[in-house]
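Consider the two complexes below, in which subunit A is the common component and subunit B and subunit C are the respective partners.
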Partner chain A sequence: MDIIDTFNISASGLAAQRVRLQTISSNLANARTTRTENGGPYQRRSPIFEASAIDSFGSRLDRALSSVNISGIDVATGPGRRVHDPSHPDADASGHVLFPDIDILHEMVDLMTASRSYEANANVLDTTSELANRALQIGR
Partner chain B sequence: MSGFLADPIFSGLQQVLDLRQQQHTLTASNLANADTPGFKAQAIDFSDILSDVFRSAGTVRRTHAQHLGASNADNMEILELEAPPWSVDGNSVVPERETARLQENSLMYSAVSTGLSRRLAMLKYAANDGKL
Partner chain C sequence: MIDLATSVTALSPQVTAPQGIQKVAAEFDDSVFSAIGQVDKIHGHADNALELLASGQQVDLHGTMIALEKADIALRTMVSVRDKVVGAYEQIMNMAI
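Up next is the complex of A and B:
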């Protein structure tokens, strides 16, 4: 375990939060999308976070350390939200349209949490380089 | 062991610097996984290890397999913090606690590295015949 591993751990956290921000922006952009390649409304996406040990054979401390990676993007499978809107081009015979089941409020809260988590990881990254520089100055 | 770089203060400070760096990595790992469902925050119990480092006057000798060795990372006790009952996804990382630990740890790291620098400055002073 060395200082590079610490950088890598924080980098994995930053990358994971960035993917989370991307899925949120995709969800918000498509909150009213009724047509997709597979037919039907857009489905909400959410990343799946997974802790992965950085060194399973090292010392006890090394085994306790984990970086985070995205093991996949979960795509919702629900039917969507049925809204009565006969004037909509995608309305069915009874005048109902299927919209994506996306709650804007939920996405905004998720957005704020993701950006705070991103900041926390960036903060650790800064501190790591500060400590590394500090160590290089020993004896000066 | 003798030699001017193997004195208790110098090697003690070196070990503490090592420990602080390990604590820093652990905090990085906890914060990276602050949103991973089911992840348990890890912590090192510092007070025991620190008192061990200085009780044995810096040169850690292993007298028992379970004791601290020359490398603390091999035998370090890692605590796994349990998630509180109200935690929805079983994650036990408290970002505030980790951030506070990050700041405290980086302050202590600076203090120890300054200590090491001062110790080296003293040796330099002596080696230069008392001339600065």
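Up next is the complex of A and C:
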């Protein structure tokens, strides 16, 4: 377990949070998208994270530590939100339109936690780097 | 450090440095060179990351910054080790015989 491993773990956290930010931006941008390639409204995306051991052959301590991996992006399968709007071009015969089942408030809260998580991981990096530089000053 | 051992033998052909010292010197030499190689490799990674970012092929800001930080720490470590080794060498050279 050297300092580079700590960097790699934090780097994986930063990458994971960036993917989370990307899914949130996609969800927010498409909050009212009614047309997609597969037909139907846009479906909400959410990333799936998985822990992966940083060194499965290393020491006991190394095997206990894991970085985060993005194992995929889940696409919701719900029918969407039915809104009565007969003037909408995508309205069906009964005047209903299917909008994505995306709650803007929910996405905004997700955005806040994602950005805070990103900051937290960046702080771990800074602290690790500070400690390394401090260690190099021992005996000066 | 191997130069230290060879210069000892060069200065006094009759007295060769003991086998043990030569072995230790060679091992030290190897470890210094491998450490420098490691630092060089980390710098290569940082260079590569910077190039990719600058050319727009990879927009991974934090990856690039982390590679640079790793290179910075590796270099600082190398400089610290060099300072220690040079300090030890100077102390021995200044020893009154």
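In the analysis below, the second predicted complex is superposed on the first by the 140 of 140 C-alpha atoms of A that agree within 3 Å, B and C clash if a C-alpha of one lies under 4 Å from a C-alpha of the other, contacts with A are read in each partner's own complex, and residues count from 1 in each chain.
The rule is short, and it goes like this: a contact is a pair of C-beta atoms (placed from the backbone, for glycine too) under 8 Å apart; a residue touches a chain by one contact, two chains touch by 3 or more.
From a predicted model like this one, the values you see are computed outputs, not experimental measurements.
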| item | value |
| --- | --- |
| When subunit B and subunit C are modelled together on subunit A, clash or fit | fit |
| First (subunit B), second (subunit C), both or neither touched by A:Asn27 | neither |
| Touched partner set for A:Ser12, first subunit B, second subunit C, both or neither | first |
| Subunit C, subunit A and subunit B - angle at the middle CA centre, rounded to the nearest 10 degrees | 40 |
| Partner chain(s) touched by A:Ser117 [first = subunit B, second = subunit C, both, neither] | first |
| Which of subunit B and subunit C A:Asp62 touches, first, second, both or neither | first |
| First (subunit B), second (subunit C), both or neither touched by A:Ile3 | both |
| Touched partner set for A:Gln43, first subunit B, second subunit C, both or neither | neither |
| Touch count on subunit A, higher of subunit B and subunit C | B |
| Partner chain(s) touched by A:Ser129 [first = subunit B, second = subunit C, both, neither] | second |
| Smallest separation of CA atoms, subunit C relative to subunit B, angstrom | 8 |
| Those residues of subunit A which subunit B touches in one complex and subunit C touches in the other | 3, 10, 139 |
| Subunit C residues within the subunit A interface of the complex | 60, 62-63, 66, 69-70, 72-73, 76-77, 80, 84 |
| Residue ranges of subunit A touching subunit B (in the complex, touch as defined) | 1, 3, 5-6, 9-10, 12-13, 16-17, 20, 49-51, 54, 58-62, 64-68, 113-114, 116-117, 120-121, 123-124, 127-128, 130-131, 134-135, 137-140 |
| Subunit A-facing residues of subunit B, complex | 17, 21-22, 24-29, 31-37, 39, 42, 44, 71, 73-78, 95, 98-99, 102, 106, 109-110, 113, 116-117, 120-121 |
| List of subunit A residues in touch with subunit C within their complex | 3-4, 7, 10-11, 14-15, 18, 122, 125, 129, 132-133, 136, 139 |
